[in-house]
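In the two complexes below, subunit A is the common chain; its partner is subunit B in one and subunit C in the other.
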Partner chain A sequence: MARPDAPRHPTEQHRPQVVLGAVTTGLLNTSEPLPLEAARQALALLPGVSADWRRHPIEQVVSPDLFFGLDCKLAVRSGAQPRVIGTARARAVLTAGHVLQGSASVAVVLDASKRRLPWAHYAARTGMVEAINKADPADLVNGFLHGRSGSTVLDLGKTGSYVMSLLDRVPQVDRQARLKTQTCRLLWAAHLREDVEPDGRVEAGDDGVFRVRMSTPSELLPQFVEFCEVLAMHDWLLSALKNAFDRSARRGRRAEDEIDPALSYLGHIWNPTAHLPHEMRWLWQALEDEAQLTWEWQSTLTRVRDKVTLLTRKAIEETLHKESV
Partner chain B sequence: MLVFSSSDKGGTGRSVTSCNLAYRLSLSGQDVAYLDFDFGSPTAGAIFEIPTLERGTPDGGLHSYILGKVAEPVRVDVRVVTERTALKERPPGSGKLSLFPGDVGGAEFHLTNDHIKKAIDLFETVEREFDVAIVDLSAGRSSALDMSLQAVAPKVRPKKADPIRWLLFHRWTTQHVIAASGLLFADNGIIACATNAGFDQRGFRSMVRTIRTAVPDDTAFGKETTAEQEAWLRKSDDILKGLAKARGLGQDLLAGLTPLEPMLLWREQVIMDVDVKRRLAKRATTKAFDELAERIINDDAWEGF
Partner chain C sequence: MTAVTPTRASSTPARVFSERNQGTTVQNLPLSHLSIEVGHFYMDDLENGEAPIRRQFERVKPWLDAAMATVVCGEEKPRISTCFLIDDYFQRWPDASEIMEKLLRLARESGVAIDYVARESSCARRLDGFGVAELVARRILEEPEPENSTGGRPPTAHTGWLSNGRPPREATVLNVMEAHDWEAASEYGKRNHSIFLDVELWKDRAEPGADEEEVLSQRLYSCPFLAAVWQLVRLGLLRKDGAPALEVTDWDGHWRDEWSQFPDIVKVNPQAKPFYAYRSLSIMPQHFLGIEHAVRTIIDHVLLDQPVVESLLLRAQDKKIILPSAVADRISHHFLEGGQ
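Our next item is the complex of A and B:
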């Protein structure tokens, strides 16, 4: 029999039960979207490993996975915070050469060793952390989604932001974004259960943060993560467009300066169903039934385009007027 | 655009004027962030009448952020959290007004490169979202001041980034003029500190302007001003102007002045147009804030053309 603390391969019993993640989304800090080739170079964040990419239905480039060492606490709703050690997995995703995401996650193994093992043990299990103390999976899900943050508690949004910030310093990025935008954050947590039908829920918080929870067999996890990335991107798109529309009505400002970049950079990207993995469409549909995101996007876009039409007409009338004088 | 508010002493009107500038700028359509870097006495929450932030936030404020204790600093939409009803309203055409509060019980700290990196990240993030960020610095030569200068130094700031404004607030009295001049020009003053951070002296000086605060006129003597008082006031004002000029704080460096506002003698607050309408505040006060706000964001006005 192996000693209790000796490194072991994940057996049935040592599979992760909970996976936690965060997706941060913002505008790449460039004046123009990156062409595919430049994007592939920029997102090759590890020497010697090239970025994944696809051209259809919209250009998307995904960086290789990066891993970050962790030794921190997990937030719980009650009782002592369990300590976890291991690595977080994170990647950057660039859509349409312009919408940048940092997507970070950790798989939590709950019934592992009772004390910290040599680092080599954790280094061999990438993207996983092992909890040293006992914890209840449901409590971890709630704690992660709703618990208080603090310097000692796992903060995957920070990891996501960090991965995004790596793209601020690459030569392909001119750091002259033409739109004022805010970075959005989405948190997700999956309770892995092989014996259940997948079930999930999306909460739109008052703080503007989407929180997604799911019970799912582990084989669906990649699709679930993709769902969260797609949702985060569309949430960001909507708030960026609304913000541009709002700013176009400001005193002392040319509406075109806000609307033109918003339309040309963001207008064509909305297409949730094309991005979504097939297995996750039901969850998106449930969200649409409740939150009507696509309707909101369409109506915002219509308002923006109507405004452009009006501005154009006004400009034409002014020119005609000048010519006739 | 980043606007830094500095002063040699406390009590100069730096925070109250900066909050009012932030408010007026948002009225004029700018998205404005107010960053309370006066870590020892973060008063912006009180000025915007936010009960929960009267002396800063209990945790996660800018001080905690700079020290690396939290990944993202607390921020609030002033119009949502203020207790003052009139301030809650967002008139059409106006911009956002967000406060990034300091921490209750924050204090001076020993400056390290990590802090400077945090400040660089913070400035970059707020500039990508807001048109203007006003950074209220502690009085005198503080770590917040050093940190700010190093975080916007030419070697770290992209060449084509938005301009920076450096405001120096002082009261319009002999001692305050002398003190402010000292803070700017002394051997270890702001300009020396900026040069150390890598600015060239002339380039940095073109970013600096002074604001003379709470400047009295002859009504300060009361309803019936004597001819002697008027004459005396004019003479004193001239002497002060001479002193300011001799100390390098003359007209060429002047962004503007705020008149003595009785309301502000009782209470640190935002002066709104309704206060003028109700004949509580002087029209001259809101006018001065508006002119300063315009001067700050308009490049030509800033240069004095």
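Our next item is the complex of A and C:
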């Protein structure tokens, strides 16, 4: 029920031209991964509807969509920031019972009206905002991905973080994760164009944020969103493992305190094509060819496991040495 | 900074595996074109004398006929059902069978056929204990404050109040000599001037610190809130696990005395057209106008499940029936003149 659908048969004048989104990824605060049944209960964030779920090859549960009221500005690279009014759509995605994502998006309809309309108008168009002033779609894409943030500008990352925070309060979560991780943010923007072949571009910024832009027909938008969620999760996995490895080498830390939870929480999860929509495989493949994220993961994991081997050997040698003294 | 610009692969192999466990599948309901609510009484009115009840039904009758004659039904033969909501939430006595007998008889004698009877209490909590009102309460989205809502604000109403704008503000006046500092209320979606409305949705009566279950079991919903639930139920928009949140039961031939044993919605006319409908009309005395204004405000702020909304829109489109996208536009009223 909660999988995003392409904007549905809107009238010509109300067709969104740009869709903006953010995926926030972090660790669910539990000591052990949530079993599928518990995860389905935890992610039923609205009464009356259940979460969607998959068992193979990695368990994944997707919450129903929640909606957030918006009346704010959109960042642009040039000229006046357009004001938009409507609702953002957001959902929680839990993978392998442990990796939690807040995925928020909003479809932007340009030139819709000259003033704020009665709320019923926006409530009937969920997940959409309408811009009051004129704006250029390409400028909105750039502005959202690279614009400066501000207190009056759309902040979908916050929306995603809020959805994630809902999972802190559910009884299934014991709030005792043993691994320290940071949340990662990915921003994406899609320029909807019915007449073009889909075309994507991924940038890893110096701020550590992945930014994905795409030109796509609206029917492929749901798959594109899922692609972004897959990428965000794997970007997070990679940083979480690397950070744990870095911490393990720091003076004054017991290496195994960092490495053990990292291996047991994260070691088995990497599988980018597991839930990658069929229609997005070409994009992932092209990304792999150049960015080689899977190689980077394998190499990091090998270093971690080598370190475990070396620590084990050292421990054995120390024990033997003690016995021989 | 690294950048990747791929080109689209020309062909992709066919799929052999798929797994999609949809948490909820939306049921397709049988639908009438119009659901007409034929009058409304407070429980006091139902307890006392027959004449006022008969008089209201007699005044409903011509408007009921007019509504039946003008129903929007595309290219189909019109399907219309009538219903009546029993006001049993705020007060009730164990005389359900007496009241039902009287009500149905007076309606029949006035030429108003009642197809379905529902209870207001069921709009709060079903006979089986399920909290129907919470389906609506948890889907209420407060209207975003102009130019100041960037997406980080929690979406639900926690206070039990819902408004269509910003209330008037009275600043604390430190110096008595200063002019009184007052700012008028403002309706967010106003056209030139405001009609500010603040609606009480419920009262929480549980002790502070009580757990959620306790809070909900003690919660007293307001009349407009339950009426909003009632409208959404009639429009087939309120669902639990894809099925209607309140389901129809056939009448088994005799009435219980206790309202608490009374079905959520009971079909009293075996030949009736479906209860749920694309649109609804409520015919009621004029003094309910304030409540219905509040109902509309509530419904304007309920964000319904997209698959449900979608399934109704597709059905309507299929049958060439015009269905407004704003839910409140599917609801209409006729208020009977006052002073009678």
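Heads up, the rule we're going with is that the second predicted complex is superposed on the first by the 306 of 325 C-alpha atoms of A that agree within 3 Å, B and C clash if a C-alpha of one lies under 4 Å from a C-alpha of the other, contacts with A are read in each partner's own complex, and residues count from 1 in each chain.
Following the convention adopted for this analysis, contacts are C-beta pairs under 8 Å (C-beta built on N, C-alpha and C of every residue); 3 or more make two chains touch, one makes a residue touch a chain.
None of the values given here were measured: they were computed from a predicted structure.
On the shared subunit subunit A, the superposed partners subunit B and subunit C are arranged side by side without overlap. Comparing subunit C and subunit B on the residues of subunit A they touch gives the larger count to C. Using the contact criterion defined above for the overlaid structures, shared-chain residue A:His278 touches subunit C, although it does not reach subunit B.
Contacts of A:Ser151 after superposition on the shared chain: both subunit B and subunit C are touched.
Within the superposed three-chain model, A:Ala80 lies out of touch with both subunit B and subunit C [touch as defined at top].
By the touch criterion stated above, A:Val196 is placed in contact with neither subunit B nor subunit C. Once the two complexes are overlaid on the shared chain, A:Ala315 sits clear of subunit B and of subunit C alike. Nearest C-alpha atoms belonging to subunit B and subunit C sit 8 Å apart in the superposition, given in whole angstrom. Touching of subunit A by both subunit B and subunit C, each in its own complex, is seen for residues 151, 155, 158, 161. By the touch criterion stated above, subunit A contacts subunit C in their complex at residues 1-3, 5, 8, 40, 44, 46-56, 64-73, 83, 85, 87-88, 104, 106, 116-121, 123-127, 151-156, 158-159, 161-162, 197-206, 278-279, 281-283, 285-287, 289-291. Residues 26-27, 29, 149-151, 155, 157-158, 161, 165, 168, 175-177, 180-183, 247, 249-253 of subunit A are the ones touching subunit B in the complex.
Within the complex formed with subunit A, the subunit C residues making contact are 1-9, 12, 15, 17, 19-26, 131, 134-135, 138-139, 141-155, 164, 188-189, 238-241, 245, 299-303, 305-307, 310, 313, 325-329. Interface residues of subunit B, counted against subunit A in their complex, comprise 27-31, 60, 68-72, 92-95, 121, 124-125, 128-131, 158, 160-161.
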